[in-house]
Amino acid sequence: MSHIQVRTDLALEAKESISQEEEQLRGVRVDEYRLDSEGALVTRVSVESKNAAKAMGKPMGIYVTIEAPTLVEADEDYHRDISICLAEELRKLLPQEKELNVLVIGLGNRMVTADALGPQAVDNLCITRHIVKEYGVAAYNCSRMNVLSALEPGVMAKTGMETAEIVRGVVEETHPDALIVIDALAARSVKRLNRTIQITNTGIQPGSGVGNHRNALTRESLGVPVVAIGIPTVVDAATIVSDALEKALADEEFGETAKLFGSSSRIFPELNNMYMTGKDVDEIIKRISFTISEGINIAMEQSME
Amino acid sequence: MSHIQVRTDLALEAKESISQEEEQLRGVRVDEYRLDSEGALVTRVSVESKNAAKAMGKPMGIYVTIEAPTLVEADEDYHRDISICLAEELRKLLPQEKELNVLVIGLGNRMVTADALGPQAVDNLCITRHIVKEYGVAAYNCSRMNVLSALEPGVMAKTGMETAEIVRGVVEETHPDALIVIDALAARSVKRLNRTIQITNTGIQPGSGVGNHRNALTRESLGVPVVAIGIPTVVDAATIVSDALEKALADEEFGETAKLFGSSSRIFPELNNMYMTGKDVDEIIKRISFTISEGINIAMEQSME
Amino acid sequence: MSHIQVRTDLALEAKESISQEEEQLRGVRVDEYRLDSEGALVTRVSVESKNAAKAMGKPMGIYVTIEAPTLVEADEDYHRDISICLAEELRKLLPQEKELNVLVIGLGNRMVTADALGPQAVDNLCITRHIVKEYGVAAYNCSRMNVLSALEPGVMAKTGMETAEIVRGVVEETHPDALIVIDALAARSVKRLNRTIQITNTGIQPGSGVGNHRNALTRESLGVPVVAIGIPTVVDAATIVSDALEKALADEEFGETAKLFGSSSRIFPELNNMYMTGKDVDEIIKRISFTISEGINIAMEQSME
Amino acid sequence: MSHIQVRTDLALEAKESISQEEEQLRGVRVDEYRLDSEGALVTRVSVESKNAAKAMGKPMGIYVTIEAPTLVEADEDYHRDISICLAEELRKLLPQEKELNVLVIGLGNRMVTADALGPQAVDNLCITRHIVKEYGVAAYNCSRMNVLSALEPGVMAKTGMETAEIVRGVVEETHPDALIVIDALAARSVKRLNRTIQITNTGIQPGSGVGNHRNALTRESLGVPVVAIGIPTVVDAATIVSDALEKALADEEFGETAKLFGSSSRIFPELNNMYMTGKDVDEIIKRISFTISEGINIAMEQSME
């Protein structure tokens, strides 16, 4: 079944199609721990060789996944423990400097609810760069601190520009030490929807995710470290149909049929550019974007002194 | 295949599963004409007997469908010819009074893009009731005119109230002559998405669409004529999977399999409360809501003198 | 100078123009306490006689004012202590029943930032009425609980209906035990802007605030207790000009001039329908609406058991 | 009275304080014509010498003002004649190339209604750059055409970056031939609010508007021609108070007093960062932003062939 190519932005899902033996051979290292308060599982997948990268279909680097089934639920303090966990994982992937100048990029389209995660997360950040630039760190009563700036570049259909063009220009002009890029992902499984946070130091790879593509948001293309935070908020329509077919035919003698329909986007071209999401997507995006932005805010506060 | 129950809010789609012979026998009358400027097909389905209603799974009444393939496209004057056509069909379904006091209800959730059609359409209406109430029709330099009011009742998850409770209360307090209710529908086919306007004098029926349900928005439940305008902006996820299975298995010997999976919401419970929509849904909803509101504005202007 | 009539929605500001002696004579009782954690001052003004009401230009009833200079500042937990204080004061003004069915009305126009306080506060409420109605209080694992519903009625320019018409209809249909109405107010002083919460059991009085006006949202007009929560988010433009004139001329010999300009809306008719607000109004409204909605959520939770 | 410095972003208002004789002497040339259909007056002020620039407090360049009293009114075709007029004036100020690659910058804060003009105007543009870049001009069935891209940079409080930093980076990366910058302005007079469009080839000057400031959006600072389109949507609070004082005291013997209060921001520091706007600002911004974006769309279409 692993030969059926379906689109997934989650390294964890990519890893699941590789057996454990293969992992060891190929330079994929996996650690995990539990976040008891939220019943969350944190998995760190290190893809450490080119072979491993090829097998995973993901670039070499570190992929941390916080699987938090509670994330979709309303919560009085917006799942603060998950924000703290996210902050700790972020700090490990960001440069280990005493003072960081970080630019956060909120990808996506504010006007499409399921795609508004990045823009909404950016709305809740504690932006400090302009204050520090004008008044110095003394404005915050400290001798050194991280500073934060943020950009919502918009989507190509509305700007006429590649996101990478906009980000590259702003990076060259404002010289951040690192980027954090927030994006809504497509998951393979409905069950992972809005329950998983992926943090990776490999940035964002358009399309196949291989090479130093000009439209990528990566260290290679931008010249600064890029940590990407992604949450699956939609499922690709063609993927759902593939999954449904697989599941439906799993116990039957229709294996060959399933393979035929595997790449359903070819068979159902009308499903291209379609995505699937839940009816309460507005509330969920609002809450999760807050959890994410608090994670970043906490990560940036840590070295203030 | 017609025995597989899939959810559709479109009478046209319901009709398609009935053969022409059946139509005549059962009291379904169908007229159609073309709107040349937009290449649109206008179909009027009259369900004139209880038998016909039963066969269609739709209440007795008139269902006008404007199928306009251009509706998804950007257009300088927002498809004004379709607005005019909508206005004419609306006038035929509204009470034939010289002066009408019409309340427009914009159903849906403004915060979920695909469900924001009703609220956005209401935003563009020429609301006149409060002006006429305070200053008389002389404020508009005419001796008589239709007056318009509008309400965006919100969705039950946010109000804790049935839409019908809110609308009933407001109707009893403000005594409109008729209601126009605007709603985003679920279509069965991706091909109909955002290309079809359905206008019906049967109002809005929750669930099975039979009887004088307290949660319906109908003449029976509210005491005033209710004309509903619906546009399919989403496809039910379970429906897509059913359709994909049907299509995939159509030429094969898997008819029985297809039937098994027919009601995919039972087999794939995780698809309940999921819907599918296109990636450019924000632009499409913005444009179509404008076409709809202009249709209502034109319909209301007609009897000013 | 106290004779110059300027528009204020705040009882505290009305009270300030009455001397302490007058207060005692006339049946105005004032209590106050400090909320140390936020440096807030809570003042409870009871207007207990018709004379007092006349002197204050406010109906008989209780007016609690929370003056919290920190309210405009960003805060990690959204000023939770103020939410708790608001919850306690709300409970004192609501009916003392074991189980309350409360309808919250978010007044204002979501599309105008300074007027979006009510709609935004309603967005963050824990709405329970529909769940309890369908599944009983057992859905929340308790034997009795308060239930909450909410409505955003919109503004007359967009609905063509008086807010009171809409609310009256919904109240008659859904029979709440009490209403909480949230509104953005106009303050007299820029210094009070976004720093003061007023809670009153006299509801909302349009215009002069006297009598049982059909457009009021009061116990008299709606038949159920109405607690209004108001925050000054704008200053009336004519008021600002009056204040500026007063201040400018205070030390001069131009007292008579000041009186002439006192009711500046007559002299400067172009200032009618104009209001003044701060440039960061979006962030402030977002934060304060959250503090308000949490106050209501906490008040409603208290009697769950 | 002309010595009282009040803040105005409108060249027309600056010009009004210079007598006609002075104009001729100092190199200010003024032409005007009427746009009959809308009763609009179009004024072209050319500031042609350094002396003139100094007297006006505005840089050398061309300032076209369309004064259209109808602009605040609802209109079926969104004041298309004004859009056409704007398009013609824009073309005169843009480079006279056969094919232009224009980047539109929508300044302002989408979340603050009165400041959302730029972002909302950008929403309605026909963005073509990405299509032409991928498929060539053949995608639009023409042999050459102008291409359009757009950016909503956000405000410094939310990005931590100067708008000029963001724009400079994007310009250097995407190499447009010219910029069009859309901004909401502050007017001196309530009467001009939302009724005037200013188009200038001098770009946007922060603060005093003199010199090659790094935070300016001008040809000097960005290296490409910059045409700015501005509409006054707010009045500075301090300005209103000054105006009110002037008006109030005009017929009196209080000239000296008026002068004292002239720069009211010094006397009323609490008015800084406050602005005044009308209660129906949401509808007005929505309509005017559409008129502006159509003007740009028409200007860009003209050379398609």
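When the chains are written out, they are named A, B, C and D in that same order, and each has its own residue count from 1.
Basically, a residue touches a chain if its C-beta (ideal position, glycine included) is under 8 Å from a C-beta of that chain, and two chains touch if they have at least 3 such contacts.
None of these values were measured; they are calculated from a predicted model.
Q: Across the interfaces B-D and A-B, which one involves more C-beta pairs in contact?
A: Answer to which pair has more contacts is A-B.
Q: Based only on mean CA positions, could you tell me how far subunit A sits from subunit D in angstrom?
A: Using C-alpha averages as centres, the distance is 39 Å.
Q: List the centre-to-centre spacing of subunit A and subunit B in whole Å, with centres computed as mean CA coordinates.
A: Centres of subunit A and subunit B (C-alpha means) sit 38 Å apart.
Q: Measure off the straight-line distance from the CA centroid of subunit B to the CA centroid of subunit D, and report it in whole Å.
A: Chain centres of subunit B and subunit D, defined by C-alpha means, are spaced 42 Å apart.
Q: Give me the residues of subunit D that touch two or more other chains.
A: 157
Q: Graph of touching chains, which shape: line, ring, star, complete, other?
A: Topology of touching chains reads as complete, every chain touching all others.
Q: Which positions of subunit B touch subunit A when the two form their complex?
A: 109, 111-115, 157, 190-191, 235, 237, 240-241, 244-245, 247-249, 252, 254, 257, 260-261, 264, 267-268, 270-271, 273-283
Q: Which residues, counting only subunit D, touch subunit A once they are in their complex?
A: 110, 122-123, 127-131, 147-154, 156-162, 165-166, 168-174
Q: Applying the document's contact rule, which stretches of subunit C touch subunit A when the two form their complex?
A: 74, 77, 126
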